[in-house]
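Two complexes, one shared chain (subunit A), two partners (subunit B, subunit C).
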Partner chain A sequence: MEMQEQIKKLLTNKTFVQGMLIILLIIPLARPLGLPIRIDQHSINFYNIIENLEPGTKILFNYIPPVVLMGDLVPQSIPVIYHLFSIAKERNIKIYFVGLSVADGILQLLDTEVFGTIGKPEDYGLKYGEDWCNLGFVAGGDIAWSTFAQNIRASIQYDRYGNPIDSLPMMQGVNSVADFDLIINCGEYNTMIVRHWGTPYNKPILVLCLTGAVVQDVEPFYRAGQIKEYLAGVRAAADYEKLVNRPGRAIASLDAISISHIFLIALIIIGNILYVMERASGRE
Partner chain B sequence: MGGISVLRKREIPMAIIFIISMIFVVQYYVKGVEPLDTLTNTLGNWAIIFSALAMGIGLINLIIIHGRKVMDRKGEWYFDAWLILIMLVTFGLGAIGGTEDPYYSFIFNNVYQALSPTLFSFAYLYMCTIAVQAFRVMNWDAGLLMLAGVLTMIANIPMVQVQTGLFVELKNWIFAVPARGVFTAFRISLALGFVLIGIRVILGVERGYLGVEEA
Partner chain C sequence: MVSQDPGVWVAALFIMMGYSIVVKDNPFYRFAERTLVGVTAGVLAVQGLENVKKLAITPLMQGEIINIVPILIGLLVFFRISRKYAYISRIPLSMMLGSGIAVGMVRSIPAEIIGQVKGLFSPIPAGATPIDYLNLVLVPLFVICTLLYFTYTKEHTGTLGILTKIGRYAIAFGLGANFGNMVMTRTNYVIRPLQIILYKWLGIKV
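Here is the complex of A and B:
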């Protein structure tokens, strides 16, 4: 009975639970255990879509992860962009980065987090303005998406680096969303992308999103075919790192996810056993 | 005599909203009419400029609100002063040196970028603590919630996924059937609600955005 009380006290002790969690998260992050992972079917499908892109494909990549969600979104974007860069030169694939959002989201993460990890596009033989470009940040929500979709030059005249977009060779003949072959969204507001870019122009959309509730938000569009495929959370990022054979921070963080989940589940089960025992003894 | 100035009449902004909304609604359904496309592009461009201006207004608004607290020395006013100082320094550095400025980049990469996930991590730790205490089989409803929660957690453990597909299958079923059903219903209700609010705004029934109290 005394031991039961002791365990109960531990479970309700915030310092113990949080302290243990911190330790269990830090150890595998500092020294990855290399636990095995099973690649999810969504990740395989996503990879295959990118891998089988036709030569000359034009990709509109809306890259605007908000800082609060960057822990989930950026690790996914790193191997995906690496994959795109690796095949872009050989297949003459053009990548148009842009950051359309309501008001939040950080396009700069592309330079700092992505290029800082995998290297600049030039390292892959890609030339700015010919193979890739960054059209910059546009705020405004629904109306910005809609205006951009109809006429890119109505909402953007200069790219992120101050060059007139008409001076970029790859912008020739590109006037609206209709001129792209594939749309990738890494950020929030997947619904707006579907509403303004995907469905009206009948364009395939790939989405990098969060786990949990956001996946449920994406799923109805996925089932309806309005979103072609999606990756969700760090778990999918680790899958993709494995698929492109470039282990990074997502794979390292999976061990921490495994260990911390097991710890939490164990606590929940122990807590319930104690609760049932307590109720039973109360009845007696 | 003594009437409201014409500039303050509600009918003017309501008429503007009605006309502009109708232009966008018509343009969505009628494609390929050049003057209409040009007009919506121009209006859209204005909206984008207004959105950018709204950020500036937000900046001024923050300075006014927190500035007042600093002036009155109310509560923990030094946090308000700190907020204004950091905001102005970051804004100044960004405005003068651009986003490539090394000091601006330092603040962005090492303070802003680090703080947001830190707050998220704190939330995670608290959620875990609460989950341990809240997941109790007190009744059937709580039992079902706990079962679904624990099954999903187990299925999300990469190590478990390698060992057995059973939990993944169960999780997929929870996501595919009950959860998706609820979310789809939620999404449809939300969309219908948006349509309804849109119609109310266009028709001038919804006037909260004008600062008018609803009866």
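Here is the complex of A and C:
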């Protein structure tokens, strides 16, 4: 009984649990164990959709990973944008980045985290204004999403770098969400994108989402066909890095995730065993 | 090789100060916490002003006189500081709320209700696996049972009791899956700061 009490005390000790978790994360991050990766079917489907894009496809890429969630979202966006850039020139694919959010800083992540890792679009032969553009951010909730969907120029007159959007050749003939062929969302607000962009204009949506958003925010729309495919979290990012054959930060962090999960599963099992033992001995 | 970039040093030190709460509450943690709150408030204030400049002032200066209307309506919010005229500040707020709810509702019915119900009874996709067939039965069953669980007009006994019990288990399965995903998300939150310390600050190569 005394041992049982001691284990219980240890498991409910915040410092012990959090400290162990951090140690178990640090070790594999510093020295990856190289545990095998099984590529998820969602990642394969996502990859195939991008790989088989038709020439001339116009992609609206809503890039809004909040800083606090960037650990889960940015690693996914890096191999996906790399994949898009790799095929964009050859197939004349146009990529329109935008940020339907309150913060301009988010779009800065494109320059720092994404282009800082995979290189600038120009390194892939893409020209600003012709092959890709950054339309900047639009603040506001439902109204901003709805207005942008109906009339882009009513929401945005200048791109992120201060150029009038009408001066960008790739904006000619692009007036609303109806003029795009594919929508990609990296961030939260998956419901908003389905509500204002996907369903009304019948546009396919690909989503890079948080692991925690899958069950409540993405899977219901995916099952209903309102979201075509999704990637979720660092695990999917590692899959994608493998698929585009460009190992990066996500693959390096998978061992840490696996080890930490084993630790958490062990805690849950021990906790439940203790609970059952306590009940058996007639204690509350 | 330890980083020479002062920005990386500041980031690493603040990450360590933040995580020092794991041991116990301490002045370093409190300093990091308060700095974060202050910096966030500052950034949001600047972004708010940028929004006003970008969306209202700049177009006004370029001759779009009509923009004076939303600017004036927005300024009404400041009547909040007067006790006597505070009620005026409710006008812009009610306009924002009203238009937001209206636009949201119009779009959410086809997307989040009709679209979801249609998806519930969608045809079997080509190349469906046995799991897809099983889901085809389980998903509508669980949806109906969960909805029944939240009906309060009849006592949950007999057949209804069995169905609502299935609904309760369906909710439990959903919450369990959600909890598992949330744990993974939270773990991922920690990985990014640790990567900054290990790879950017300490220069560890993997």
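Some notes on this structure:
One rule holds for everything that comes next: the second predicted complex is superposed on the first by the 254 of 284 C-alpha atoms of A that agree within 3 Å, B and C clash if a C-alpha of one lies under 4 Å from a C-alpha of the other, contacts with A are read in each partner's own complex, and residues count from 1 in each chain.
The criterion applied here is as follows: a residue touches a chain if its C-beta (ideal position, glycine included) is under 8 Å from a C-beta of that chain, and two chains touch if they have at least 3 such contacts.
Fair warning: this is a prediction, and the values are worked out from it, not measured in the lab.
Residue contacts after overlaying the shared chain place A:146 against subunit B and subunit C alike.
When the two structures are aligned on the shared chain, A:199 is found in touch with subunit C, with no touch to subunit B. When the two structures are aligned on the shared chain, A:280 is found in touch with neither subunit B nor subunit C. In the superposed model, A:32 makes contact with subunit C only, not with subunit B. Once the two complexes are overlaid on the shared chain, A:3 sits clear of subunit B and of subunit C alike. When the shared chain is aligned, subunit B and subunit C each come close enough to touch A:220.
In the superposed model, A:234 lies in contact with subunit C only, and not with subunit B. In the superposition on chain A, the residues of subunit A contacted by subunit B and by subunit C overlap at 14, 18, 21-22, 68, 70-71, 103, 139, 141, 143, 146, 211, 215-216, 220, 223, 235, 257, 260-261, 264. Contact residues on subunit B toward subunit A in their complex (touch as defined above): 24, 37, 40-42, 44-45, 47-48, 50-52, 54-55, 99, 105, 108-109, 112-113, 116-117, 119-120, 125-126, 128-129, 131-133, 135-138, 146, 150, 153-154, 156-162, 168, 175-176, 179-180, 183-184, 187. Here subunit A touches subunit B in the complex through residues 11-12, 14, 17-18, 21-22, 35-38, 67-68, 70-71, 103, 106, 108-109, 112, 138-141, 143-144, 146-147, 150-151, 154-155, 211, 215-217, 219-220, 223, 235, 238, 254, 257-258, 260-262, 264-265, 267-269, 271-272, 275-276, going by the rule given at the top. Residues of subunit A that touch subunit C in their complex: 14-15, 18-19, 21-22, 25-26, 29-32, 68-72, 74, 102-105, 139, 141-143, 146, 157-158, 191, 194-196, 198-200, 210-216, 220-221, 223-226, 232-235, 249, 252-253, 256-257, 260-261, 264. The part of subunit C that touches subunit A in the complex is made up of residues 19, 22-24, 43, 47, 50-51, 54-55, 59, 99-100, 103-104, 107-108, 110-112, 115-116, 118-120, 122, 139, 174, 177-178, 181-195, 198-199, 204, 206.
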